[in-house]
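Pasting the structures here.
Two complexes come next, and they have one chain in common, chain A, joined by chain B in the first and chain C in the second.
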Partner chain A sequence: VYQVFETVAKKYDVMNDSMTLGIHRVWKDILMHKMNPCPGTLLLDVAGGTGDIAFRFINYVRSVRQRQLQRKLKHHQNLSWQEIFESYQKDKFNSLGDSQVVVCDINREMLRVGKQKAQHLGYSEGLSWVLGNAEELPFDDDKFDVYTIAFGIRNVTRIDLALQEAYRVLKPGGRFLCLEFSHVSNPLLSRLYDLYSFQVIPVLGEVIAGDWRSYQYLVESIRQFPPQEELKAMIEDAGFFKVDYENLNFGIVAIHSGFKL
Partner chain B sequence: RCQHCPPLRALQASAALRRASDEHKKEPLTSSSQQHFDSRPAGHQPEQEPQGPHPSYTGQGGQESEDYESEEQLQHRILTAALEFVPEHGWTAEAIAEGAKTLGLSVAAAGMFHSDGSELILHFVSECNTKLSKLLEKEQKLVQLGKAEKKPIDEFLRDAVEARLRMLIPYIEKWPQALSVLLLPRNIPSSLHLLTSMIDDIWHYAGDQSTDFNWYTRRAVLTGIYNTTELVMMQDSSPGFEDTWRFLENRVADAMTMSSAASQVQSTGEAVVQGLMGAAVTVSN
Partner chain C sequence: GRARPSHSEPRSRDGRGGEEEEMEGWQQLYPGHIPTSPLQKALLAAGSAVMALYDPYRHDMVAVLGETTGCLALPNLRDKMKNHPEGYRILQERPRIRLSTLDMARLQGLPDGSLGREYVRFLEDNKVSPDTRMPPKFVDDEELAYVIQRYREVHDLMHTLLGMPTNMLGEVVVKWFEAIQTGLPMCVLGAAFGPVRLSTRKLQVLATELVPWAIRSGLNASCVLNVYYEQRWEQPVESLREELGIFPPP
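Take a look at the complex of A and B:
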C-alpha cells in the first residue's frame, strides 16, 4: 500500500479528477455539508494526504465564522464607533474561531504534496500535518470532535483496528465520518460501472500517471471492500451509535456516519 | 471492552434526574422523536436491552443496569439544554451544538439532528404541550376537589390558549423563524399532529364529550383561534402583549355567538344551496 501511494502521490489529484470526471469534488463537498462543522471544531482527517477535506473544512468554518461575526455586529447597533472597532479588532484575529484540522497520513510523500498545496493555495492557520498509521494513531484519547477518512479506509489492512482507534481519539459526542467507494445495488448501473472501472481507469492510470498496476489495484480493492451494511455493522461493533449511511450516486460512493455517545 | 465503560458511565451518571422527567414520557405527545425510534411503553425504565444498535458483546455485565440511557433520552437532554441558547443563536444547529457542549459532549453531537433545527422546534412544541396538559389537569383536580369554581367555557378556552401562548414569550423573537420551519413539507405531519393533539387536549379538559359533527367544528374553530392569535402575538409590541389577549378575547366571544347562530346559518345555507340548484337546473334547460 505504501509503495502504491508513493508513486501515485504527485499525480493523485489529477488522477482523481479524471477517474471520477471531477465528481469527487462534489462528493467531498457533500461530506462537508453533512458534517456542518461550527467554529471551534477540532477535526482529524486520516489518510487525508493531499488535504482535500482539510481545505474544504477550513473554507466552510471560515464562512460560518463570517456569518457569526456579521450577526454579532448587527446586534451592536447601539454601540459607539470605538466599541465596534474594538470588537472587530478582537475578532479579526480569530477568523477560524479556534477551529483546527490535523491531517494524518501514513505516507510522507502524500503529506509533502499536501503541504505544498496548502502553501500554494494560501492556507496558513489551523492546519497540522502528522505522520501516522490509522491502526495506531499517535494521539491521546478523547481529543477530536470529528474524525474523517475519505477514500482511505479501504487501504487499511485491519479496518476494525482503525475503527477502534477512531473511537478512542474522539471526544464523547464526537462524530465518525467515512467517505468511501461502496456497492452499487442497481444491476444495470453496476454493469456499466464495472465496465468503466476495469476498462477505462487502468488505461487512464497508464496514460496520466504512467502506472497501470496501481490503478488496477485500486479498482480491485474497491470490489473487495465490504458493502454498506457490513461496514455499518463493523462501525457499530467498534462502539459507535446512531450509525447510518447515505448512498451517493446510487451506491458508487457512500458516507457512513456514527457517534461516540 | 473497557472502551465502552467511560461513555456509558457518563450516560448513567444523571439517571436520577431522568427518572424525575420520566412522567413526561407517559405523554403520547412525544412525537418529537423520529419515526425510526420505537415508541416506548409508558413509564418503562429500560431493564432489558435498550433499543439502539448495541454491540452484542456488551450484553452481559455492568452496562445492563437499569440506569442505561438510550439514544433517544440523550437526544432529549441535548435538545432541552439547547433551548437555553435559542434566544442568542436562533433555532439552529449552533444552538444544539452549544447545548451539547453544556452536557460535556462534543459540538459534533449536533450532527445527530437536522441542520435546520426542526427537531429542536418540535421538541419545544411537544414540551409546551405537555406543560399545558399538566396545567389543565391540575386545574381540573382543583375543581373536582371543590377548591375552585368551574370556569365558563369561553373563559376556560381563553385562559388555556393564553397560558400556552405565554410559553412562547422567552423565544418570541425567533419564533417566526420556527413557524416557517414547522411549515416545511417534511415537518408538516409532525407539527400538525402536535397542534391537533393540543387542541384535543384543551377541549377534553373543557368538558367536551361530543361524538357528532360538532367535534370537528369545535376543533376547527379553536385551531383557527389559536393560530390567528399566535400570528397576532408575533407582531404585537404592546406592554405585556395586552393587544394579543384582547384579540383572543374577541375571537373567543365571536366563536360563542357563532355557535348559537350556527343553526341559523345552516338553515340559511340550505336555502341558498336549494336556490343554486334550482338556478343550475333552469340554466341547463
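Take a look at the complex of A and C:
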C-alpha cells in the first residue's frame, strides 16, 4: 500500500512538470522573490507536501545570509588569523540565520515524499514536517512570520476557514501569500487555455499517471475556483489588510498577498 | 464516476461553457466509459503508444492504444460476430471470463488435453489471472466496448490454443496471430515493435519459424471471437484447433 501511495505522490511532481511544461517552477520562484524573506523568518507552508516552496525558501534565505556574512567579513578586514579561522566554523556562521520552515500537509504520503526529497537533496536544518488540516491548524496563535499556500487552497473545502486559520497563526505584521490557479480574462488566451486544459491535461493524466479522472477533476475544479477579485474579497473578510494580487501568465496563475496588522 | 464536467456552479461557465458541452456533453454509455473528443483520442493514441514502448509494464497503455485506434477494426469484428451463429449468441449473451464466473475446480478435473484443463494449466504455469484485463474506457459504443472486452478476455485462450507462454517471445507470436485475425492496429503495432526487445537468437526463431506459422494460422483460421469457449471446456484442444483452422504449433 505504501508503495502505491509512494508512486502516486512521486507522480505528482512529474505530472506538475509535464502539465505546466516546467513553468510551475518559475511560478514558485516568483512567489519566493515576492516574499523576499530575510534570515530569521519563520515560515509556515500549508499543503506544501512535496516541499517545493520549503526548499526554495531555504535556498533563498541561505543565499541572503551568505551575502550578509560576506558583507560582515568585508568590514572586519583587520581580524587576526585565529579569529578568521574561528569564524569559518560552520555553527558560528549559522548558515540559515535561524530561519525555519514548517511544512504542513493533510496527506501523510505527500509529507513522506517531501521528507525523502529533502534527504535526497541534502536539506537537513530549518525544516519540520507536520501533519495537519488547513481548516484547523495544529499551531498556536501569532506564531509565524509568513504563511504560504501554493496550489493547495483550491483543494480546501472551506476556504474561508483556511483563511481564518491563516490569520490566526500569523504574527501581527505577518504576511499571507497564496499561489493558485486563477482566471484568464483575455478571451483568445482563455480559449487556448481551455483547449489545452480539457483536451491535453486529462490525456497526460491517463498516460503518465494512469488516472484520467483525477486530472479531469483538477481542470474542472480550477474553473470553479473563485476568480482574483472574489478571492481578494474573501481574504479581506478574514481580516487581512493591504490585500493585493499579481497575475502570472495572464491570469493562469495568481499570487494573492495580505498582511495581518 | 462522472463523465461530464459538473455544471453545478454557473459562475465559471461563461462563454466557455458552451464549447465544453459540445465536446464533453456526451453520455456515459457503460460503466467506466470516458467520452473523448477526436483530438483527445489522437493524443491518447500517440501518448499511450510512446508510453507502452517506454515502459512495457504499462499494460494499461496497451489497452488504451487498442481502444483509441480500434475504430475501424472493432465494427468489423462485431459484424463478423453478428454474421456467425455462435458469434451472434456471444453478442447476445455477453459472457465474461472471470475467476468468479469460472468453475476452476471443474476445469482442473477435466481430462488432460481438453480446453478447460489446458487453460487452467496455462494460467497456473504463467501465474496469470483472467481478472487482470482492463475494462474499456475510451470506446464510444457499448457493443464495441464488449467486443474489445471479449477480445481481451479471450487472449489467454489464444495463448492456450497456440501453445505460447507469456514471455516476450510468446506474446509477440500471439500478437501476430491476433493482428491477422482482428486487424486491430494495436496488435499490428505490438507485433511490429514487440520484437525490438528480443535477443537476436530469439528473433531468429521468431522470424524463421514462429511468425510464419502464426500468420498462416491466422489467415487460415476462422474468427476466434466466434467461439463460445465457455461451452467448449471439454473439447480437446487439438480438435478445437482443427475446427478453427489453427496449424499445430512448431
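The rule we apply is simple: the second predicted complex is superposed on the first by the 247 of 261 C-alpha atoms of A that agree within 3 Å, B and C clash if a C-alpha of one lies under 4 Å from a C-alpha of the other, contacts with A are read in each partner's own complex, and residues count from 1 in each chain.
In this section, a contact is a pair of C-beta atoms (placed from the backbone, for glycine too) under 8 Å apart; a residue touches a chain by one contact, two chains touch by 3 or more.
Everything numeric in this text was worked out from a predicted model, so none of it was measured.
Peer 1: Is A:Leu189 touching anything from chain B or chain C once the two structures are fitted on A? First, second, both or neither.
Peer 2: In the superposed model, A:Leu189 contacts neither chain B nor chain C.
Peer 1: For A:Arg213, is the partner it touches chain B (first), chain C (second), both, or none of the two (neither)?
Peer 2: Touch status of A:Arg213: second partner only.
Peer 1: Please indicate which partner A:Val243 is in contact with in the superposed arrangement: first for chain B, second for chain C, both, or neither.
Peer 2: A:Val243 contacts chain B only, not chain C.
Peer 1: A:Val203 in the overlay: touching chain B, chain C, both, or neither? Say first, second, both or neither.
Peer 2: second
Peer 1: Per the contact definition in the header, classify A:Ile23: touching chain B only (first), chain C only (second), both, or neither.
Peer 2: It touches nothing on chain B or chain C.
Peer 1: Name, in rising order, each residue of chain A that touches chain C in their complex.
Peer 2: Contact set of chain A toward chain C: 183, 187, 190-191, 194, 198-200, 202-204, 206-208, 210, 212-213, 216-217, 220, 223-225, 227.
Peer 1: Write out the stretch or stretches of chain B touching chain A in their complex.
Peer 2: Residues 1, 3-4, 6-7, 10-11, 52-53, 55, 71, 74, 93-94, 97, 100, 103-112, 115.
Peer 1: Mind pulling up the chain A residues that touch chain B in the complex?
Peer 2: Going through chain A, the ones touching chain B are 34-38, 40-41, 145-146, 164, 167-168, 170-175, 236-237, 239, 241-243, 257, 259-261.
Peer 1: Within their complex, state which residues of chain C touch chain A.
Peer 2: Touching chain A from chain C are residues 1-2, 5-6, 9, 11-13, 15-16, 19-20, 23-24, 34, 37, 39-40, 43-44, 47-48, 50-51, 58, 60-61, 64, 137.
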